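The structure appears below as structure tokens.
All chains are identified by letter, namely A, B, C, D, E and F, in their written order; residue positions are counted from 1 within each chain.
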Amino acid sequence: MGVHQYFKSLNDLEKLIRCPGKFKYQEHNVAAHSFKVTKIAQYLGTVEEYHGSEVNWKDLYEKALNHDYPEIFTGDIKTPVKYASGELNMLFMEVEETMTSRFIEEEFPEQYQEIYKRRLKEGKDETLEGQILSVADKIDLLYESFGEIQKRNPEPLFFEIYEMSLVTIKKFSHLACVQDFLGNILSDMLKERFIPRTELMEITESIMDKEI
Amino acid sequence: MGVHQYFKSLNDLEKLIRCPGKFKYQEHNVAAHSFKVTKIAQYLGTVEEYHGSEVNWKDLYEKALNHDYPEIFTGDIKTPVKYASGELNMLFMEVEETMTSRFIEEEFPEQYQEIYKRRLKEGKDETLEGQILSVADKIDLLYESFGEIQKRNPEPLFFEIYEMSLVTIKKFSHLACVQDFLGNILSDMLKERFIPRTELMEITESIMDKEI
Amino acid sequence: MGVHQYFKSLNDLEKLIRCPGKFKYQEHNVAAHSFKVTKIAQYLGTVEEYHGSEVNWKDLYEKALNHDYPEIFTGDIKTPVKYASGELNMLFMEVEETMTSRFIEEEFPEQYQEIYKRRLKEGKDETLEGQILSVADKIDLLYESFGEIQKRNPEPLFFEIYEMSLVTIKKFSHLACVQDFLGNILSDMLKERFIPRTELMEITESIMDKEI
Amino acid sequence: MGVHQYFKSLNDLEKLIRCPGKFKYQEHNVAAHSFKVTKIAQYLGTVEEYHGSEVNWKDLYEKALNHDYPEIFTGDIKTPVKYASGELNMLFMEVEETMTSRFIEEEFPEQYQEIYKRRLKEGKDETLEGQILSVADKIDLLYESFGEIQKRNPEPLFFEIYEMSLVTIKKFSHLACVQDFLGNILSDMLKERFIPRTELMEITESIMDKEI
Amino acid sequence: MGVHQYFKSLNDLEKLIRCPGKFKYQEHNVAAHSFKVTKIAQYLGTVEEYHGSEVNWKDLYEKALNHDYPEIFTGDIKTPVKYASGELNMLFMEVEETMTSRFIEEEFPEQYQEIYKRRLKEGKDETLEGQILSVADKIDLLYESFGEIQKRNPEPLFFEIYEMSLVTIKKFSHLACVQDFLGNILSDMLKERFIPRTELMEITESIMDKEI
Amino acid sequence: MGVHQYFKSLNDLEKLIRCPGKFKYQEHNVAAHSFKVTKIAQYLGTVEEYHGSEVNWKDLYEKALNHDYPEIFTGDIKTPVKYASGELNMLFMEVEETMTSRFIEEEFPEQYQEIYKRRLKEGKDETLEGQILSVADKIDLLYESFGEIQKRNPEPLFFEIYEMSLVTIKKFSHLACVQDFLGNILSDMLKERFIPRTELMEITESIMDKEI
């Protein structure tokens, strides 16, 4: 019934919680995740450009912004299931594409349908922009899992996600932006410390002892 | 690593929110849903027995209690996807069964594995107990969607769920318990009224006017 | 006004939060708790049967499923109050029973009233099924408090609950299922480790060092 | 172990949700309720003073601030239970007082124990301040239930609470402040309108038609 | 101490709730809002391009993505305050810019500082992209307030926000994309109906009457 | 339109979350904070009186109860911004006062306007009551930040808040009540321990070893 259905569907992305079925100290929704991935991709593109690569910014933003939109149709299916059988995964992707196409044909004016079919396609291809998206997606996942580990979530899953994300990022270490991330940003993340109780005691005592 | 993993997994069912990706006034998790379905099945079984059917209570409770446990492995996949292609649905069920079997073999002592494989199987079969489960599952879904409609959730989806649930329940109207539900309980549910503003005004005035 | 009131009341159990008035990392409602207790009782019964006891499954499921239903009428009263005076506790139980009876008489068809009066009675009696319920109820409480301790809830109450639950479970160690729990399951629970920061550092380094 | 336990217990009042076991659009905790009751009592006292009564402000604030503190020890017990039997209610109040006294004796320095025993007593007595507290407590309850009714909570309970609160307030209509509330404030509350859909349409059209 | 601080700050945007201090049926955070504004701007830009305007996509995405980032430093200050005095508003914007600059200088490598100073500036300027941002920001606000009105939030504020947003959008009606929005999308939004109780009754009856 | 607007606004204080834009294990609203500050001020006043000071209780309660009410008009602006420029802060306070005055003139009956203008003024002046308010406000902030640190919130901000609060409290150490707090209460707060894993193991073993 028109683009209103598309605008309205953005609200559903806010109600789609990532990694369902596990206790998390902080929950993230797909809309906020997509925002963060696009912001991270923006930084990674900036680094690439600085190191001499040519970045197609329009493409990069489109890929990052839209990369999880089809979850509107399919919901959040657990990763192990998705990859449990190659056959299932292939069928699953077919269904996803069919549902996305059908939605576009039903809701968008004809003149914009081709544009949106291209935009809502899986963007993680071999282009520089596709590679940056793959990295940005995993960096946000790394931060999400690090956030849980840092708050001491006892669920081993978040450790596995952390590991898997880092392994994927490293696969792109031929990119200048990945070298920048691994060399400068990741190390700062790992330096984040928990303020230990002993320090609390010391600070308290030092405040109490100070003459004023 | 043992039955502890199984006990711990029950907690994950509490973090699995039903009908993800849609605004709801009240959220329900899979653990609480399973409880309600079992309680409803208990009532339906009681009605059947009263009308002369023989109920295998052990079977009925097992089916109701465990009917959604495999969602632990697969997450909540949207119904339209699940049934988008018969092929996908078949593959999906195969994957679900494989993952359940693997879990049982890894975590349960050998002597209980067969029992649990039977218990965690899809229970909606042709037996009286399987039929009661089908009805109880839909009655809870009917109540969930009615709760949203009654609170005036503008999302048409809940109306569709209400309709689809009722259609399914009606398919079992050869059962005495379904006749009881449709004849006595559903009508009371529909009688639930919203207290209109005018009534609030009247009550207030009647309290104010009363001499004390 | 009929069984609809009973079905509707199940929703109230979802809004009844256990252990109110204390900060918890994860909240649990009475409906989900009842589900977990029934699942745990199912396992314990399976162990008993394997070791030669005769289990009345219908009874066991009924007891587990319904054991906290009367909290609908009484709300959650703090345990220390409940047992502060024997007299109060006795009166309290009388009131609970009266309210449950009255509800059944008002809402249930006459032919089912006796059945439900029996079902909604306190089930923790001397029978094997009553003992299994006592154990299952405490195992879930143990898991709830362990979950808080593992997430490092600083409130000593959860430690007291952990201790009290374990003491109660141990009182039933003449049961094969309790021996199984204490010998095999509890030890696995205590083996749950927090992934320490140092390990995070090591994994990160090992991923970074690996040639790919 | 000292006043720290008392300060810390204030946090528990923030985790004590009022009217547990019922779906509510907006939840209220006992700490926020106590704040609102004290603010309302302040206004009512101001009206009384203006009309020539002498208000003991120290008493009024003490009564309002502390009136629900003992819920820390007893949790939230459902009103119907509390009054189900006069005997139970009496015993219940005794237990409440005993636990409060014991807490004060254990945690407070001796020199402040008498003061706090007086402060944490039930304050709804025959004095002007006690009557104002009774009214302020019910006005906040009236607002809480009105908030649910206005948001169209289908649960009849909130309507009963609204009615019961108003009936209680009216019993104090010999007070100038109650006459002020019933005459001026309640009528404004009832004038609160829901902006109907038709108005939304009209406003939209009027904006669209306006030349700019 | 580096870009890690910038990446980490994105998480704070997820904890910044829009329109604080008012009851809302559905809360929105600044990260998700920024995502939706960028998606809406993407559509509006597509319409402009179709009607012959030249869109600088890189600029448009940068403006939309970053337009609320400085709220990290200033928090959410209520709109009436911000505009209560022109002087205050001017000072406020100065402080905002100073804090943003300081953050960039402290955390970003020198070679990217100028780029980010430009990116994190207020983007609602006279360019086509600046105008599209102004419109997209208000369209999302319109949807947010419509969502509350449709769920029957009794707070008049949401009606005022709806009106104010629509008035602002209309100011840009020289843009093809605004004509498209007002002509095609807004009308569909207003057609969204609440499924009335009577319809529920009818559907139920029609299901019950149908022979199967 | 009358005092109803004032009573209704108290509900908004419950929706105003303190310290927005940061992950917190436990959120606090302004209404509950105001309650706790008033309770703490009550204790501090009691200590002062015991040590021979004369406390104006009416003033003390008024100051504590109302000290954050103007946040209704201004929302929660981040502290660093508020003090980023002296000029901004001065203008900000002017705006706050103007908005509060305007509200009182619009909503309150004329005879109470002067009283409320005085009540809703900033209360942290040089009087004993003003000093106690300053201390009580910071003690609650200290508890809030301690609660996060104790739950191991990795965000350094809460450590800074803890330190800043303690420094402010210490500035009032000429007061008997501050000496009491620093000497008796703070030390108990710091003694709060986390129950370490090892202790859990020991308790479990000791329970298991005990003969019963």
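The working rule: a residue touches a chain if its C-beta (ideal position, glycine included) is under 8 Å from a C-beta of that chain, and two chains touch if they have at least 3 such contacts.
None of the values given here were measured: they were computed from a predicted structure.
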Farthest from chain C by Cα centre, which chain is it? Let me know.
-> E
Here chain A maps onto chain D under a C-alpha rotation whose angle in degrees, rounded to the nearest 5, is 180
Chain pair with more C-beta contacts, C-F versus A-E | A-E
Here the gap between chain C and chain E, centre to centre from mean Cα coordinates and rounded to Å, is 46
For chain A paired with chain C, centre-to-centre distance based on mean C-alpha positions, whole Å | 38
Chain A residues touching 2+ other chains are 11, 13, 23, 25-26, 147, 152, 186, 194
Would you identify the shape of the chain contact graph, picking one of line, ring, star, complete or other?
-> other
All touching chain pairs, where touch follows the definition stated at the start | A-B, A-C, A-E, A-F, B-C, B-D, B-E, C-D, C-F, D-E, D-F, E-F
Within their complex, state which residues of chain E touch chain B.
-> 25-26, 147, 150-152, 192-195, 197, 200-201, 203-204, 207-208, 212
Under the touch definition given earlier, write down the residues of chain C that touch chain D in their complex.
-> 11-13, 15-17, 20-23, 71-78, 80-81, 84-85, 87-88, 91-92, 94-96, 98-99
How about chain F: which of its residues touch chain D in the complex?
-> 1-8, 10-11, 13-14, 26, 28-29, 31-32, 34-36, 38-40, 42-43, 46-47, 50, 57-58, 61-62, 65-66, 109, 111-112, 115, 119, 139, 143, 147, 184-186, 188-189, 191
Per the touch rule above, chain E residues touching chain D in the complex are 23, 25, 149, 152-154, 156, 159, 162-163, 166-167, 170-171, 182, 186, 190, 194
